[in-house]
Amino acid sequence: MTRIGTALRSGATELRRTPLLLALLVVAPAYVIYVFTLAAPEGPASVHVDGAVVQTTLPEAFPAFTTPMTAALLAGITGLFLMQTAASADARLGVAGYRAHQVVLARLGLLVGVAAVATAVSVGVMLTAFTPEHLAWFVLGTGLTALVYGMIGVLAGVALDRLPGVYLVLFGSMIDLFIFQNPLATDPPDAATFLPGHYPLQVVVEAGFTDSVALEPLGWTLAYLAVVTGLATLAFVRKLRVS
Amino acid sequence: MSRLVTGTRLRLSELVRQPLTLSLLLVLPPVVIEMYGVAVESFPQLPTLSADPATVGRMTGALFAVAFLAGLVGLFQVISARNGDERAAIAGFPRWVMLLTRLVTMFVVALVGAGVAFAVFNYRVAVAAPGLAFGVLVLAALVYGLLGVIVGTLLPRELEGSIVLVFLADMDNALSSGLFPIEASASLPVVGDVGVTDFVPLFHPHELFTAAVLDGDLAVEHLVPTVFWVLALLVVAFVAYDRVTGEQGTGFLTGVAS
Amino acid sequence: MPNIEDESENGDTSSSPVLRASGLEKTYRSKIPFVGRSVAVLTGADIELRPGEIVGIVGANGSGKSTLMKLLVGALQPDAGSVSRDATVGWCPQETLLYDRLTVRETFDLFGEAYGMTDQRVERRRGELADQLDFERFLDYRIDHLSGGNRQKVNLAIALLHDPDVLLLDEPYTGFDWETYLAFWTLTESLVEGGTAIAIISHLISERERFDRILELKDGRLHEQAEPPQQARSAAHDGEALESEAPESEAVASEPPTGGEA
């Protein structure tokens, strides 16, 4: 455990010494949610959640569904690069005695930290315009969305070069979270339930606009997260070879 | 001229030697277009939509798929070649020629990407003026390609540059796509008839594209701002590149930050 | 000090090898079928390192020296063949594989943790190495703020941190100033006297007497050089040229060179 802790602390130290990245972790979500909230017109909105329809307003719906998407995008891009930038040095750490799973856990721990910061900032900005019915569940749902996409970013970083990886993370998250899973959509295709954002966004929307949050989508979210985390871990362990 | 040709040819050779990247960049835009079409079909037929949701989705998808491809190519072209360009400049290659080779390379890749994407789009949507529509796609690619070059020049780090470009594109998509009922004269301060969407790079290309696809018209009132965007970004790109690479090659923002 | 007892001085070939590799094969293949080229770098390389010996590994650019070392250390897996290590290994790669934003001190802490060393031992060894390689004043500098030469010193020191029994060094003195270069050889000599086995990849094995053996990597295999390759001196040095030896593994020439060596 001390090895993982040491590697995690070192990773956090490196991150702390990248002030531009830290600034972007705050500014980017703030910019998106704030501007999108400002640009929302007045008017009613019908939010579709698990077969039911909840009436709200556009100025409330916009920040609500933009928040998880923003956190997810940030975590996804970071996940894509986080594993790549120190891959060679991580491989050397492995040669020096670290087990592969220890290095990977430390890196994934860092990603959890980044997802947490992205979630906190996104929700913080959102709260200036919209207060969800159940804030804690909303934060959890947003955080889980960010984590799922963070792991997908890791997978993209291992499987693809950076350019197509960034492309895939952006459009994948936008098409999934911003369009397919958008609560304003009336008739999403059945296949959309298999996309990564379906269940975590269901948690978010229920937490935002309904009286209660069902545990089933949370369960499926955790299962999905476990699977992508497992895949990301395996992929990263394989990548931990100096080329 | 020969330096420009040589430089561009070599940059393109670099790209071609990444067949996986190249093939994905040709495959991904058409996939994005189709996915946007399917996804937006699930939205209600809002009065703000210019056509049926599937067509609106494909139009939005086509524009952003092509534009963001060019943006990423511009970004990574500038960042990845920073050290090599520095050395080439010392060897005698004028910096403005080097930037031009990057821009031309970006443009060629965007052209190919736009061609492939448009072929798929044209197959799925009845386009009233195909030549005009393709031209607008190329213009949109130019806008974002230049944005990518500027971001890559000012923030020569792949992660940070990608975050900035991704969030720019994200907001751009949301505000200019027509998918969401954004009002141009929203709560932001306006000057005359200028609203928030006028500050969104792809708003005017989106209107141009819509007019070309649905009506077969050239919307001149949107062509002028689009051309203005291209020219303005071109000037900014050259000035930024010259200022930044001329000072011992350090990006001034990251130099301060680190 | 090295874990191995003081078994030998100046390369006792009778002691058992601490690192042994046989039949190593490695081919770099293109990720995409039918596109790009495959390069067979190693086609059956064998090597043994014994306590207290210094082995030089030479070869043309692209001959596979760094790949060989990565296989010996376990950073890469061979396509065929085996590597057995009966001792602790320290590896100094050709590139400085370190974390740019950590300070030198923090880098030692992290790798000390990797080697399973106590904090006290890390601190002691860090001080010793910083003194020996002269980078004490840079301990609180970030890695990316160091010059190339100082970065290489840290790169080497990390390999030495845990007093390994076997040292695998890939071009370890790139960028060193003259004093550090001499300090490096003083350090290696003392390590060898203590029984450490050292393999050094270098393009410049000009001081052959420092090595017990020199292995040349050629056509994917290692060949021991029986005689040092004689280099013709230019007329600018002492006005006389030496004859160059053609075969590398054959017996010495029948006549001494005209330079006067016995």
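Lettered A, B and C in written order, each chain numbered from 1.
What we mean here is this: a contact is a pair of C-beta atoms (placed from the backbone, for glycine too) under 8 Å apart; a residue touches a chain by one contact, two chains touch by 3 or more.
Just so it is clear, the structure is predicted and the values come from calculations on it, not from any experiment.
> According to the touch definition, list the chains common to the neighbour sets of chain B and chain C.
Intersection of chain B and chain C contact lists gives A.
> Of the chains shown, whose Cα centre falls closest to the middle of all protein Cα atoms?
Closest chain centre to the overall C-alpha centroid: A.
> Between A-C and A-B, which chain pair is linked by more C-beta pairs in contact?
Top pair by contacting C-beta pairs is A-B.
> Can you compute the centre-to-centre distance for chain B and chain C, using the mean CA position of each chain? Integer Å is fine.
Centre separation, chain B to chain C: 49 Å.
> Suppose each chain is reduced to the average of its Cα coordinates; what separation in Å results between chain A and chain C?
The answer is 44 Å.
> How far is the middle of chain A from the middle of chain B, if each middle is the mean of its Cα atoms, in Å?
Roughly 25 Å, centre to centre.
> What residues in chain A touch two or more of the other chains?
In chain A, 17-18 touch at least two other chains.
> Which residues of chain B are in contact with two or more other chains?
Residues 20, 258 of chain B each touch two or more of the other chains.
> Among the residues of chain C, which are close enough to touch at least two other chains?
Within chain C, no residue contacts more than one other chain.
> So in the complex, which bits of chain C are touching chain A?
Within the complex, chain C touches chain A at residues 70, 73-77, 91, 93, 95, 97-102, 106, 109-111, 113-116, 142, 158.
> For the complex, which residues does chain B have touching chain A?
18, 20-21, 24-25, 28, 32, 35-36, 38-44, 57, 64-65, 68-69, 72-73, 76, 155, 157-160, 162-164, 166-167, 169-171, 173-175, 179-183, 186-188, 196, 253-254, 257-258
> Going by the contact rule at the top, pick out the chain A residues touching chain C in the complex.
Per the stated touch rule, the residues are 2-3, 6-7, 10, 13-14, 17-18, 86, 88-89, 91-98, 241-243.
> For the complex, which residues does chain A have touching chain B?
17-21, 23-24, 28, 31-32, 35-36, 38-41, 43, 58, 62, 66, 69-70, 73-74, 77-78, 80-81, 85, 160-164, 166-171, 174-175, 178-180, 182, 184-189, 192
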